[in-house]
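Paired with chain B in one complex and with chain C in the other, chain A is shared by the two complexes that follow.
Our next item is the complex of A and B:
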């Protein structure tokens, strides 16, 4: 574990920029004040004060909301080029875990060239969390508040000083020159991490139900959740582990542009196929979605559940039919005392 | 990446999101988590709102029709032609030979200029917009009863109501971010009563669903009023101190015969009584309604019958309790406020009042007309009889959206001169002499006023395509060409003019709007904080609340043996109006690709139809096709949405006017339905 000051980060930023990296870090948007990862030039432009997370997950960097894949001209085909080197500075552990799950899909048996290019060009600097929101449950979902893997560098912001650890060779190279953190700082970090765990809203139902997903297809739980699903797609769009996309074409006269956009499995059209729709109602689509997130069998290849406890579905759901409602309903059914 | 906070262009809830701009192109959007209305949520239409911005079909250049084809021209040529033709027609036939249609999708500033153009440049009150055929009965009815024709409460207050009476609104589909508040109220223990002929999605989550016969609202609500009064459940103190006309109303209720109610409404008296007691006894109780109430021959009276309930019980003038019409378009509230309405000057001021007229004439430096203008529903007759010679239509597609659409098309074709200003080629634009390409919401600055009267900033994220321009610039160009000194440099200057002339907007300025989340009118001065709910403590805008005696009338287009079904219309959650915007979002189109007619299964089978097959739907005015879907509706009632230009439902609808508001009888038509055999 290394010890760094703000000045050290200023130098690192300069170093990175000289290497051709674009650095993206939390900033408040003008007018609304919501947080986004924005391109910054220097460390002091980062706004970590009050930052917990962005509503839009950083999966947008690798699997964008809506982006072109190719242009088709009369006699040629032009693939969308992805060359920019990027650093995501301040990605949270829950979203990092989410990215590792996306990797299984996009870098698995069939590799997606767009995703791979973006992923290989990006350096990930995690900031461990000390101030979870009421909607956060990474603690129970085993994805935070401190990252255990997948980062190039992980930073702990202790206020007057920063601690940093490397998680990859790429990351190690940048940290080599800094001095090791002393015993007292390591102890302080341990205390802070312990305090953080106590700051989470109590969710006595969460752990048991996240890892014991076993609800029959006909359970009333699905009807109850389906009844309140208003089919906005928001939980899918903002989920750091949802990987489904729809493709469509736009005809610009001289050429056709093929694009990909985020898709939602809570939509009837997503499941539609010739003959009949195997997921004809909101209840069965709910079941499909949560099975994908929590079923031990489906998630076996990931080595973990596909929910990282980021809480975005709780924030965006307009019908209260999100994962927390599911866990509470499971709890009622299971009759936990 | 540039992120621009702006307002969703679809319904009137007024959700805010950030448009994300890279290399001059909007590449996505994110809902605002901080915003007090949508709090991190959006409906699926909102999530895809950016997809129309760079659509290849956008109109990019001014065009003039030569023969049957459009020819690209320069702005100067187009504007000169329009100005010259307008001037010629004005000189030959007088100002009332014009009709102007504004747009509920445009900003307040643009709508203000549209009506100013009609009144000050052309000199006519023939200026109207589609609020006429959605919520004009609300403006008229709630003005008569309370003094202000708008939602009495704020959206956020809904979640603290303990009883919600939702009438003629499928809130979960048409206003999902308001449905979110209703669902939160339910989860906090509130009771939900839904009044709708159809078992809609929101009826599915209700405690009581009153599945009334279409058009029988007045009978139902008068029955509720009678039960409340007869059982002494009304609020005597409130009625005595804050209302007029109570004694006459009670007399009317005494003579009202409850025994006929179940037959007319199809709802049992015991269920009606249950709802009456629940509404009267629960506090806060709130009424939420939508076009199922207003789009009728008795639209204004339907609204009044709901207002009577609030006055009887005193369920008004407090947080979370009142009468709340849900407006349908991003800025239909604002377009109404700006008086793109034949009977008002901006801010619902009357041109029958000489002091008001003088104020406008002084500001504008011209005399303004003081005769009642014609309304949208009256235009076709006026055109066909030769009274109206030219029209200027901005941001609307009356050839598809207005009732008895084939007659509207015939009228538009017979105009001497038609100017259409829009973002896409529409059915109406095809008939134009001149097409002016407009910027859309993401390409300009301005303000929208949402359904809870909140005036919010919209902000420019990208440039318009080709040579398209913001509407306020286009209108100003034509006005200048016609000799008027319109030199606005930015919409904020137009807002300053609005603030000078419109008392309910008097305290609005761009500086103030930038600082918070907008302002809710009335905002009477620059110090006034705005008004989250109206008629505080029973102090109504009109002084006292007024009871109105209202009588049931059957629909203008009645069922008979030949046309045995009532067709009622509405919206689906994935599309908006005639689909000129949502029809360009691939996920939305995939979700709901073709027109359906929803029928009771037994009734479908009786005519030899079943789910999935195509049928013809014929009314006394026309015929369209759709695919059968099963649902649960009141007996002999079928339901369709109006989202598909290729099967324009409004072709079937009658055009009979509500005498108060000039609303057309758009919600209900008698139809017959036949399976299509052997055709594919």
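Our next item is the complex of A and C:
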């Protein structure tokens, strides 16, 4: 564990920029106060004051909301694979875990070349969490508040000083020159981490039900959730592990683009085929969505559930048809053991 | 490795009007090395979109063929295409029928309407390896005699294998059977003990065919269905075609009913839609 100051980070930023990295860090939107990852030039531009997490998960960098994949002009077909050296500075452990799930999904079995191109040459700098929101349950979802894997560098912001650990050779190279943190700082970190765990809202229904997903197809839970789902897709768009996409063509008169955009399994058009729809109601779409997140069979290739406890669906859903409601309904039906 | 999302721009070599609302599109055989009967490809009409289509030709054929029914925006745009026009094609995708497992068995094909093409690919392929199978039978139904695809081919085929045809609504000149396809699959015509059934057609037709085959004594593990599903990418990434833990595009489109039964009972969605 290394000890760093703000000045050290300023130097690191300069170093990274000289190496050709683009650095993205939390920035507060001018109106409303939501945070987004925006390009920054220096460390002091990062806005960590009041920052818990960004509105959109960082999947946007690797799986953009809407981007071209193919271009066809005068019979010439071009792929639009984009690979840029970039640093995501300030990614939270829950979102890092989400990204690792996306990696397994997009890079495993058949690799998606568009995702791979965007994902390579990325340096991930995690900021461990000390102030969870009431909607956060990374603790139960085994994704935080401290990252256990997958980061290049993990930073602990202790207010007057920063502690940083490397999680990869790439990260180690940048931290080498800094001095080791002393016993007193390590002890302080341990205390802070312990205090953090106590800050989470109690969720006695979470842990057991997250890992014991076994709801029958005709369960009233799906109808209950379906009643309140507005089929808006908000939960899908903000979920760090939702990976579904639609492809569509744009014709600019002779210049044609095939594009990929985020899709949502709660929308009618996601399921509809010419002449039929296998999931015409919100109840079956709720089942489809949540089996994707929690079913052991479906999540086997990821080696974990596809919920990281980031709480975005809880914040976003107007109808409360989110994972918290599911877990509470499961709890009521099954009885807590 | 070939880029999974980059289509090959291919010239249409021939177009054949099969029925009032279906056409066959022919492409050069060297579009890809090989395919398995029952596999599919993605056809891209630039400016309109991409759709999955079963490969209608056998790997042994001179051309690669797709038989298409005009049902939506992409198929309508495809219908405007003529010989010499270019479209994008990606493939082949999916698993195909596991014919290697069917050695020594009788192959029973059941098709409905536009569901015949992937079966036709398989029948032609199996005919080239006739000694491997005990027999080949085709049960095929369509709405009206005019809706039966490959009429000429079927006639020639009936000299080599048993072909049973039926239509929902007959016409004055139609002398064959009238009724749904399940009615022509009779105990005298199939032997469930040594047969394996391959089914493709509209959901409701497949639902009743499976029911009928089970009544006749077919085991779920001896019934194979070619599923159709909303899909975009064909490589298990876009998510649309997920049924339970399977992706129709990668783990299918051919599934045994044994597998589908579990999905049907447990996971979201109606597999028969």
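We take it that the second predicted complex is superposed on the first by the 330 of 337 C-alpha atoms of A that agree within 3 Å, B and C clash if a C-alpha of one lies under 4 Å from a C-alpha of the other, contacts with A are read in each partner's own complex, and residues count from 1 in each chain.
Criterion: a contact is a pair of C-beta atoms (placed from the backbone, for glycine too) under 8 Å apart; a residue touches a chain by one contact, two chains touch by 3 or more.
Note that the structure is a prediction, hence the values are computed from the model and not measured.
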Clash or fit (per the criteria above) of chain B with chain C on chain A: fit
Touched partner set for A:261, first chain B, second chain C, both or neither: first
Partner chain(s) touched by A:29 [first = chain B, second = chain C, both, neither]: first
First (chain B), second (chain C), both or neither touched by A:82: neither
Touching partner for A:185 - first (chain B), second (chain C), both, neither: neither
Partner chain in contact with A:328 - chain B first, chain C second, else both or neither: neither
Partner chain(s) touched by A:251 [first = chain B, second = chain C, both, neither]: both
Spatial angle chain C-chain A-chain B, Cα centroids [nearest 10 degrees]: 80
First, second, both or neither for A:114, with chain B first and chain C second: second
After superposition on chain A, the shortest CA separation from chain B to chain C (Å): 10
Shared chain A surface residues [contacts with chain B and with chain C]: 246, 248, 251, 263, 272
Chain C-touching residues of chain A, taken from the complex the two chains share: 69-70, 72, 75, 77, 79, 105-106, 109-114, 216-217, 243-249, 251, 256, 258, 263, 265, 270-280, 284-285, 287-288, 291-292, 295, 297-298, 300
For the chain B and chain A complex, residues of the former touching the latter: 1, 3, 5, 16, 18, 20, 27-35, 39-44, 46-47, 50-51, 55-56, 172, 176-177, 179-180, 183-184, 187, 204-205, 457, 459, 514, 573-574, 586-587, 590-593
Chain A residues within the chain B interface of the complex: 29-34, 36, 38-39, 55-56, 60, 64-67, 227-228, 230-234, 237, 246, 248, 250-253, 261, 263-264, 267-269, 272, 315-320
Residue ranges of chain C touching chain A (in the complex, touch as defined): 3-7, 9, 44, 46-50, 71-72, 75, 86, 88, 203, 228-230, 232-233, 235-240, 242, 244-245, 250, 265-271, 273
